[in-house]
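Since the structure comes first, as structure tokens, the remarks are kept for the end.
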Amino acid sequence: MTSTPLIEARGLSKTFWVHRKDAGLWGSVRSLVVRRKDAKEAVRDVSFRVDEGELVGLVGANGAGKTTVLKMLAGIVHPTGGDVRVLGKIPWHRDDALRSRMSLVMGQKQQLWWDLPAADGFLLLKEIYRVPEARYRETLGHLVELLQVEEELGVQLRRLSLGERMKMELIAALLHSPRVVYLDEPTLGLDLGAQRAIREFVLDYRRRFQPAMVVTSHYMEDIERLCERILILRQGQLVYDGPRRDVVERFARSKILTAHVRHPPGDGARVSLSQLGEVRVDGDTIRLEVPRERVTSAAAALMEICDVVDLSIEEEPLGHIIERLQRARRGEAGGDSGDGGGP
Amino acid sequence: MLRYLRLYACFVRFSLSRAMEFRVDFFFRVVMDIVFYAVHLAFFTVLYRHTEILGGWDLDQIYVFAAGLFVIDALQMTIFSNNLWWLPIFINRGDLDYYLVRPVSSLFFLSVRDFAANSVLNVLIAFGILVWALGRYPEPLGWVEVVSFVVLLGLGTYLQYLVRMAFIVPVFWLHSARGLDEIAWSFHKLSQRPHRIYAPFLRWAMLTVIPVAFFGSFPAAVLFDGLTPVAVLHAMAVTAMLLAFVRWFWNRGLRAYSSASS
Amino acid sequence: MTGPYLHVLGLETRKLMSYRADFWLHTVVAFAVQMAIAFFLWRAIFDATGEGSIGGFAFDGMVAYYVLALLIGRLVRGKEREITIARDIYEGALSRYLLFPASYGGMKYAEHLGALAPAALQVVVLGGLAAVAVPAPAGFEISPATVAMATVVVAFANLLAFLLRFPIQAVAFWADNVWSLNVMLRFVTEFLGGLLLPLSLFPEVAQKAMAWLPFQYFFYFPVAVLIGKVDPEAWLRGLGVMALWCCLLGLLGAWVWRRGIRTYAGVGI
């Protein structure tokens, strides 16, 4: 696997300045004269590469720098340091050859015309991206079929549901068959059904066209279903770059025991259980979170304390781990920053 | 070039299908502009009760000059105004992102994407007034002059857009609601009177650095005084300089935008 | 009971004062440009005709007229380009106001008054500069009495300006794009009110008709009162016409408002 990567970022950094204004009249007058600025390091020394056909998840808390990284890759934001090559070109030079071959979807901003049917917007994009008529028809037909939105094509965007709108946005982004696709929160605010449809579509698209894709999402399910490889950002720094599955092995600290019991535990039983780990009782279901190394002894103890009908042992959910990584201060997350370098 | 024309055709088509939804707005705009034209013509009519000549022009000539102003104003409203209204808002909200990732000039896209179909009737009315004013003009007019007058009205529309743009681009740094657009409108008011009434320095500025004289006065002067090679060169030089400046300034603005946003 | 209104008034003032340099720059540039246009326009006309006086004004008097009309007009009209009432209706912010235990019209009038603070400051600064730059022209008889009379007119006219704008903005209950109506109103006000030309230049008949319209009370009338061209009797008559218009427009506003509220969908609550 030594093909040239479609996306390559080296030492990417972004510092920007925030103006501050105090409340009240005096603050307003002061800001007329002096403007105070604070430096904010949004992204620090981030390096990674994405190859053809890869779908990489970019995760982190709000403000960890996900969107900034994505915008730098798309050429919208100028980095303060470091270097990016997308399809061998520097994205913020914004030359047409590169812009014709990449695409950006933002869940919280829409690109299509609000008062017009999506079909009209697609026609405009066809002109913008110079898609030949025959290929346009073929691609559109295919995408519309995959997402099952034939009926909605002629309806004004503002009359569509959020999920349908997002499907249209995806079609709009893929009409020109981009080689590089950035998806920023593509499932934001969607119901479970629509989320699933979008995910299946993205996977299918990837299978067929093998673009390089980077996706950010707040929904762990998106990341778990879509991405084999993830990048974890914390306070602008890359703290993990590698297979999704390895995150659990490297960072998970606990396992979760879920037991169904014949009789709900009494007070005495609850006290004994709470000595094993974090416990939550819901009727005849007991959920016990215990450190990984003590999982067998905890399971044995649990069976002794209660009359267990059924017991399952699971890994700590990915979302938990990432959340914990975000909270931890630098250096004590247990992870050393991005070695691995991808699959 | 051809591609940009095709894009523009798309914008016009969009706007037509959207305009059908806002018929009341369409009506308001027509009435608003008729009031605007009426007030202007009445202003000059009242003024000429007390003088026979203003900036070298008599009332018949002033009507032609005013009609030229109306045509430029209507074209401006139709082609550029909506876009220039939204542009500072987009910049301030950080909504340029989608325009920056497209393989099309962002300046072109953001300047003309919103064609105001509901102002098309105003253009027709303004042209109607122009035909009326030219028709009642007692002296003979050369056809070369009439054609260059009409062409210069088109150029005036474009220059008016460029001037406003030059005053809007500072929004990238000022982050104020409308930038210096209000100031551009103030200067624009200078153009509503014949440029020859102004002091030499001001007149020079209006013909060069802030070329508001091109919004009506310069075309009318060419119509009445004849088209000279100097006038042609002058118009071309002013356009080229301003266009170069606006493009340079816009690119600087985009740099500021992309280094400030997160 | 004036508590909330006073607070709104103060807030509005602060909002305007905190505008950045471009606001103040615009104020100065707009004034300078409008004065330049008036100056050169009348210079050209006086030069072309060789007349000593036009419409009762000598050249310096004419320039002074425009200074006064512009400054007084700012006091009368406040933030005249704003269409906050229409915006409240479009964007659904009205719902929030309707929950307040205060009258919406009262709140908005307080806002309107609050917007006067920067205008008043401008009048003091620009008026002071103009007083130094332009010597008092012949035929202007400004006395404490005329200042007092003009102040009453301005206060009245300010209310009138608000009442005139209110029903027009309330059209927003039924139609998009009230801004074009607002612009139209501005054109008419500036022309028939005497901001573009002193009304004494208009034909007799037109002048008589305009005395019955509300517009001249925004510019021409207060200036004429200030420079001593209006006798107390005509002054009282003017106040009477203004009072009539205030009642008429107030009733119209209340009526439009009641009908509008009924159709108000509460968009985007």
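The chains carry the letters A, B and C, assigned in the order they are written, with residues numbered from 1 in each.
In this text, contacts are C-beta pairs under 8 Å (C-beta built on N, C-alpha and C of every residue); 3 or more make two chains touch, one makes a residue touch a chain.
It should be emphasised that the depicted structure is a prediction, and the values quoted were computed from it without experimental measurement.
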{"item": "Most central chain, judged by mean C-alpha position against the global CA mean", "value": "B"}
{"item": "Which two chains share the largest set of C-beta contact pairs", "value": "B-C"}
{"item": "Separation of chain A from chain B, taking each centre as the mean of its C-alpha atoms, in whole Å", "value": "46"}
{"item": "Distance between the centres, which are taken as Cα means, of chain C and chain B, whole angstrom", "value": "28"}
{"item": "Whole-Å gap between the CA centroids of chain A and chain C", "value": "55"}
{"item": "Interface hub residues of chain C, defined as touching at least two other chains", "value": "20"}
{"item": "Chain B-facing residues of chain C, complex", "value": "19-20, 22-23, 25-26, 29-30, 33-34, 36-37, 40-41, 43-45, 48-49, 51, 54-55, 175-177, 180-181, 183-184, 187-188, 190-191, 196-197, 201-203"}
{"item": "Contact footprint of chain A on chain B as seen in their complex", "value": "3, 6-7, 10-11, 13-14, 17-18, 21, 95-98, 100-104, 255, 258-262"}
{"item": "In the complex with chain C, residue positions of chain B that touch it", "value": "22, 24-25, 28-29, 31-32, 35-36, 39, 42-43, 46-47, 49-55, 174, 176, 179-180, 182-183, 186-187, 189-190, 192-193, 196-199, 202"}
{"item": "Footprint of chain B on chain A - complex, ascending", "value": "14, 16-17, 40, 42, 67-68, 71, 74-78, 80, 92, 94, 96-97, 99-100, 102-104, 106, 109, 111, 113, 115-116, 120, 123-124, 127-130"}
